[in-house]
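Next come two complexes, and both contain subunit A; in the first it sits with subunit B, in the second with subunit C.
For the complex of A and B:
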């Protein structure tokens, strides 16, 4: 494949793969409850994931190491074990919410309770993982997930005050009567949704799976900057349509079924069909990636053979791990614990866990012996220190905010 | 071989055998102290078991339960690779041994034999 078409594919898949259950739920609720006043989290979160993903891609290209290799080498076995346990917990919970997301989309389409769709969704994810190549998983679901661009069309049609949208990204105007702890907890969940760890493990491992070389620095940079910028437009529009439909009518959106209501209101049943198609592909793609990420982290931690392009005989530990992670996730999903609440908690936990991976990555990205000329520049380091401060505050504040906000409910 | 730092350049790095296959991570380094001589690294150790003592008890118990009940491995012996077998150190540590001969793949083999090989189309 030519370089231009490869870059285009990278951008398109970054856009299509940007949205998952985390964004669908947190953005919809944020728009409904706080109108545009949490849009600043998109700016912070998307810049954060750009810096983070670019750095992990660059480290993988230059040093041939994945994020997990780096964490273990730099922090040692003990701290890396804590990081592994937290990462595995977040990854498995992410699989739970993504499979539940698939099931909830199917519930909207068929009217049959989502709980009946959990097992079929799990079987489809397991089957795709068992038979598909890395390329197919990486690109297939993301391309199909472009249907989620329907939120952009709906936002344009609903015609908000774009000046107000833009200004609230920088100067948020928190609606009167809002609980501050609940607002801040929602911000934490949004940041966790935009910077979900599985995306980074997947991205870092993908660079090794695809044998990126020095020629791929530009692919890495363009994919992260351009792809995520366009991806951020989708989540901005998700918040905007929710605010335009729910907030202005004083309706708090707490159900998954309410997420496509703005789409139906502005684009009719055709819009709903596109949402269902895109939403199913996006949550399915995220389920595939988070399941693989759970296996990547464990196999890489122990130094096992790993890689989606290996057959089961070549990487039995890797295959076994993703199958067990999927099975555990399906069992948890079948308990019927509210998937929307679980999504909020999982994204908050994801935000809480980010420094465990960010700090070692930041250290290695500045290490001359590992990185040579590809180490962080001054501008990247300033951005990294800013995000390190933000992530540290988030980590310290998550649990107190959870308690003060009554579990995020306000 | 050039000078290097044990913790920065060797500990917790990936190990690769003479065929270029992954064979785990450097879990420990065995330092030998002899009277009148400088301390010397004698062996690289692959041993998740010895590291279990560093975990909180409940996590260590979970790991032991997994080893015994899930993998069917009652005693996983540490694998010691003499330092003389270290060929080079770069992104990983290259050693002149065969991973299967030294038993470095017993966990993965156990997973294959007990579970993965029994699934449909596993041997494709």
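For the complex of A and C:
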């Protein structure tokens, strides 16, 4: 494939794959409860994931090795084990919520409880992982997930004050009567949704799977910056859509089935069909990626053969890991714990855990031994330190905010 | 190993069926809530108090 078409595909898949269950739930609730006053989290979260994803790709390109591998070698088994345990917990819970997301979309379409769809969704995810190549998984779901652009169309149709939207991204105006702990906990969940750890491990492993070399630094930079920028426009529109319908009518949106209500109101049943298609592909794609991410981290930590393009017999530990992760996730999902609540808690946990991934990555990305001339520049380091400070505050504040807000309820 | 796998699969099947039956009754309630939300947002938006 030519360089330009490869770049274009990378950007499009970054856009289509940006949204998952975390964004669907947290952005819809944020818009319904706080109108535009949590849009600033999109700016912080997307800039943060751009910086760290770019670093993750550079580390993989320069060293030819994955994040987990280098963290274990550079920082030792203890630090790497802590990172692994935290990442695995978040990864498995992410698989739970993404499979639940697939099932909830099917509940909206069929009227059958989402529980009936959990096992079929798990079987489909397992089958796709068993039979498909990395490229098909990465590109297929993301391209199909572009249906989620229906939120952009709906936002334009609903005609908010775009000046107010833009100004609140910098200077939020918290609605009067809002509980501050609940508002801040919602912010934590949003940041966790935008910067989920599985994205970094998947991106880093993907760079190795696709055999990126020094010629791909530009691909890495353009994919992360341009792709995530366009992806952020979708989540902004998701909050706007929810704000322009639920918030102004004083309607609380706590169900997953409420998420497409503004789409139906502005675009009719055709909009619902596009949402269902895009939502299923996005949550399915995220389920695939988070399952792979679980297997990548564990296999790379123990030094097993790994890789989606391996024949399953060539990487039995890797394949066994993703099958077990998927089975555990399906069992947790089948308990019927409210998937919307679980999504909010999982994204908050992801935000809490980010320093355990970002700090080791930051250290490696500055190490001349591994990075040579591709190590972080001054501007990148300033950005990284800023985000690390923000994330450290988030990590310290997550549990107190969870308690003070009554589990995010306010 | 095969017996263990069989036991796990049976347990998953039982959990699936029991959870499915338990949650199916709430789908109607959720659909009613969504319809109420659709009705609420179809009304003109309240005018903000000056």
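The rule is simple: the second predicted complex is superposed on the first by the 410 of 410 C-alpha atoms of A that agree within 3 Å, B and C clash if a C-alpha of one lies under 4 Å from a C-alpha of the other, contacts with A are read in each partner's own complex, and residues count from 1 in each chain.
The working rule: a contact is a pair of C-beta atoms (placed from the backbone, for glycine too) under 8 Å apart; a residue touches a chain by one contact, two chains touch by 3 or more.
Just so it is clear, the structure is predicted and the values come from calculations on it, not from any experiment.
**Student:** With the two structures laid over each other on chain A, which partner does A:302 touch: subunit B (first), subunit C (second), both, or neither?
**Tutor:** First partner only.
**Student:** Considering only the touch criterion stated at the top, classify A:65 as touching first (subunit B), second (subunit C), both, or neither.
**Tutor:** first
**Student:** Of the two partner chains, subunit B (first) and subunit C (second), which one does A:127 touch, if any: first, second, both, or neither?
**Tutor:** In the superposed model, A:127 contacts neither subunit B nor subunit C.
**Student:** Could you look at A:312 and tell me whether it touches subunit B, subunit C, both or neither (first, second, both, neither)?
**Tutor:** A:312 sits against subunit B, while subunit C stays out of touch.
**Student:** Have a look at where A:320 lands relative to subunit B and subunit C in the superposition and call it first, second, both or neither.
**Tutor:** Touch partner of A:320: subunit B, not subunit C.
**Student:** Contacts for A:262 in the overlay, against subunit B (first) and subunit C (second): which applies, first, second, both or neither?
**Tutor:** second
**Student:** On the A-aligned overlay, A:81 touches which partner chain: subunit B = first, subunit C = second, or both, or neither?
**Tutor:** First partner only.
**Student:** Which parts of subunit A are in contact with subunit B and also with subunit C?
**Tutor:** Residues common to the subunit A contacts of subunit C and of subunit B do not exist here, since the sets are disjoint.
**Student:** Quick one: which bits of subunit B touch subunit A in the complex? Just the residue numbers, please.
**Tutor:** Result: residues 7, 11-15, 21-25, 27, 48, 51, 54-55, 59, 91, 107-109, 111-112, 115-117, 119, 121-124 of subunit B touch subunit A.
**Student:** Over in the complex, which subunit C residues touch subunit A? Could you list them?
**Tutor:** Per the touch definition, subunit C meets subunit A at residues 8, 12, 15-16, 19-20, 22-24, 26-27, 30-31, 33-34, 37-38, 40-43, 45-46.
**Student:** If we count contacts the way the header does, which residues on subunit A are in touch with subunit C in the complex?
**Tutor:** For subunit A paired with subunit C, touching residues are 107, 111-116, 118-119, 245-246, 248-251, 253, 255, 257-258, 261-262, 264-265, 327, 330-331, 334-336.
**Student:** Quick check on the complex: what are the subunit A residues that touch subunit B?
**Tutor:** 63-65, 69, 72-73, 76-78, 80-81, 85, 130-131, 301-305, 311-313, 315-317, 319-320, 323
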